[in-house]
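Each of the next two complexes has chain A plus one other chain: chain B in the first, chain C in the second.
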Partner chain A sequence: MKDHQEQTPVDAVRQVLSSVVGANRVQQVRDDDLIFEHRVIDSLHVVEFVERIETTFGLEVDGADLTSENFSSLQAIARFVEARQAVS
Partner chain B sequence: MAFRVEHLLRDAAAARPLATALRAGDAEVTWAELDAASDRVASCLVGQGIGVGDRVGLYLDKGVEAVAALYGTMRAGAAYVPIDPDGPVVRAAAIATDCALAAIISDPRRVAALRAVAPAAAPGGIVCGDAIEGFVSWTQVQESQPREPARPVVETDLAYVLYTSGSTGRPKGVAITHRNALTFVSWARDVLGLQPDDVLSNHAPLHFDLSTLDLFGAASVGATTCLVPEAAASFPAQLARWIDDSGITVWYSVPTALSMLVRYGNLASVPFSALRLVLFAGEVFPNRYLSELMRLVPDPRYFNLFGPTESNVCTYYEVTEPPTLHSCLPIGTACANSRCEVVDEAGVVRHGIGVQGELVVTGPGVAQGYWGNPELTAERFPAPHTYRTGDVVEVMDDSHNPSFRFLGRRDQLVKTRGYRVELGEVEAALYAHPHVRECVAVPVPDEAVGNRILAFCAPAGTVSEGDLAEACRGRLPAYMVPERIVFVDALPTTPNGKYDRKRLAESAAGLTGVSR
Partner chain C sequence: MTRGEAERSRCSTLLAKARKVGGAMLRRLVCIHTIDVVGRSTATAPPTVRCDPQLVLHQVTSLDSVVGAAPGQRDWPIIDLVARIRPLGRRLRARRRERNAERLAKGDLAYVATAGADVAAWIWVSREPSVHCRWSGLHFSLEPDEAYIYDLWSFPAHRATGAGAFVMQGLLEDLRRRGEVSRVYGYILRDNRPNQVLTRVVFGFEQVQRVKDLRVLSRLAWQLPFTEDPRVGPCSRPPLASRRRPRGGAVYSADSARLS
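And then the complex of A and B:
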């Protein structure tokens, strides 16, 4: 296990995505790759992914948050998570 | 008279040549254009020697080409075999081999991947993109000279073969004839009152039988089918707006997609002005989300459609009131030209309110059997056009065509996200790993996705959860891969030596409870 302290937010998001779709699928994904357009994850696994984002980072995602802008890439998700954590 | 599925296309093109048949992202084709494109695919396939009795794989992204390919395949007299374009290539190869494909319609990247795994699995055919050895490119298809099938095609020939999860670890192909498909389409057209100005959504992939209503139901009246863009499908608020903006009148999907809309779709802000029918099938729709959906989107009529791929939709129930939290939504009554009966353990038909037993479906909508598997066919199809569903139901009234309630399964089949998963197939994938000594896969009921799949494993040697998950991903579609694999020293057994699946399911439920 990596030390949680040293992990960047993008790494943490990457780890959550790996736990849903598998490390092999996420390995070649670059931080700014469009994960939905590249079919890294499909629509029927979105809820599971969002739930894991919520538990991992201790935040709540609602319908207005779950957009293709906030969730387009690992980087975008990390930015969204950071912004949300800064507010709370 | 339409005797074959592709006759629906021919008739729609004759009646409404300039009406939109299909919208796929920015692409849009009329019925005349789709008819012509399908003709060229058929001519190309006939030119390659494909005809009655052959199977042609469709292994490509959903779009105008894929739809023209499936009609073209049927027009050439062959059956189309849709293969999950995003699934593991090992599974695609297993299906291609099992079905002994005569040709495949795909793209250069996927053909290369398939050939790397099983050289004989991609014998030739058509590719979207640049021509490769043994394949004709989509551009070359456009230059095909018109050719008719060498032998006449009849309604008892196969129209398509749909692969579903198999309990032994080998996917099984449900062989559907033109007559089977049209029995279902005729029922759908009449009961749903499909009209030429309808716009049907297509959410399900082509290898999932829900897609046949979206495509062939629309063709039966010359209506429009709108393919849901995968990007929109993933973002519920965008999907809700897409449904409204696209003027969808008939929505059909698994309950998971609708639950997602209820939870994240901001539905109250969308008018859904055109939507008149909401259909769902594939698994039980949690009352909580269904009732909330009906309150948020009150205008359309709601239908619960029920039936395994082998029988097509065999019962239906119109939901007129939002269900109460603890009620059990009926699966309804038999579809037109179908007989649904309950049999006891001895296979004897039982009647009367409250009678419980296995649902058996009889009628021309019932599939021919499993492709290349006479043993399993004989077991589950005791007579022609008769299928033992394995679903346990209860009779709700004593009329001649009673309504039913779904109670559960007789075997190890569970539903997740609307998909069928044979737990045996999950276990077979785990057992394929050399460091698995014993394993059991269990379902954990979950409102959002139907069931989550977990596995318990007694390892032989050193292996990590990640290793086993990756091994599963190499063999199984994403929805079948266990969410967690829990290591135990030994698996609990019942007094008669079977794995204690009930106890494992209970501890699995406890585990997921802790993790969220």
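And then the complex of A and C:
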């Protein structure tokens, strides 16, 4: 079992997504699956998801960061989080 | 702490509170907003959104349709209150019908979502070459294949049911099917976080310009001249809002090199 330190950024994002939409919806999702096209998350949950990303990773996601590319897949979100954390 | 110091500390706390309240009141009277102007190609299909399965989309072409009616529904609390005074309520409904008739006469399209007998949400789109949005004060200059999306409204009782996203999806899907419009624009207030997320992340709109407006009593607004960033874009005055402007989202990004 992975402990917190071994958790990859994608795993951490997966965990945040699970907390919003439920673990069973996220289980089958691959890292590069498009989460909107696969209907893993919908418009009703996306605002909450972005807020959880902010609080979990200590980021402030502003308008320019809110792009469909940054939030397209678990991998893309993890890349975005890493990039933002590297800057701050 | 001496008595004098305690007194001074209390005074400064009261002064700080008064400043805060005064500032908030002043901001309601007059304030400057930053507005994000966003755009999207209609070639890409919009995502299918999850919403209340009862919702049905109507494209409105005349006042005989559902728009303009919305009977007995809660709108803004203040409007709802005023509308209970019968003559004022009649006047408000008449004004809404008049305004909608004017929009339809100009060729604007409306898409309305209903849930049973209730109007849940609506959205409008204009294809006029020059559009002045009374709500934001913005002036949009559009090319023949461009359109401006405005007045996305979902009634409070139908919020969190996906009604707003549903009408947006319907509009984008219809424009894509018609094929006459290749690009759509709209605006989002910077502090409207749900709308920012929905428009950009879910529907893939990209930032094309940033503009400031001066707002009085939260109702009257004017676009402030020379605040457009970049200078070339749909909210620039006609010489700058010409065909010269690039149409890719990346070029328009506020963080990329400025256009002159």
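Note that the second predicted complex is superposed on the first by the 86 of 88 C-alpha atoms of A that agree within 3 Å, B and C clash if a C-alpha of one lies under 4 Å from a C-alpha of the other, contacts with A are read in each partner's own complex, and residues count from 1 in each chain.
FYI, a contact is a pair of C-beta atoms (placed from the backbone, for glycine too) under 8 Å apart; a residue touches a chain by one contact, two chains touch by 3 or more.
Predicted, not measured: the structure shown is a model, and the values here were computed from it.
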Per-residue touch tally on chain A - higher for chain B or for chain C: B
Touched partner set for A:Thr55, first chain B, second chain C, both or neither: first
Chain B versus chain C as contact partner of A:Gln27, first or second or both or neither: neither
First (chain B), second (chain C), both or neither touched by A:Val47: both
Intersection of chain A interface sets (partners chain B, chain C): 36-37, 39, 42-44, 46-47, 50, 63-64, 66-68, 71
Residues of chain B that touch chain A when the two form their complex: 86, 230-231, 233-238, 254, 256-257, 259-260, 263-266, 417-418, 448-449, 466, 469-470, 473, 478-479, 481, 483, 515-516
Chain A - residues contacting chain B, complex: 21-25, 36-37, 39, 41-48, 50-51, 55, 61-64, 66-68, 71
Residues of chain C touching chain A in the complex: 36, 47-51, 160, 162, 165, 188, 190, 193-194, 196-198, 200-204, 206-207, 253-255
Residue ranges of chain A in contact with chain C within the complex: 36-37, 39, 42-44, 46-47, 50, 63-64, 66-68, 70-71
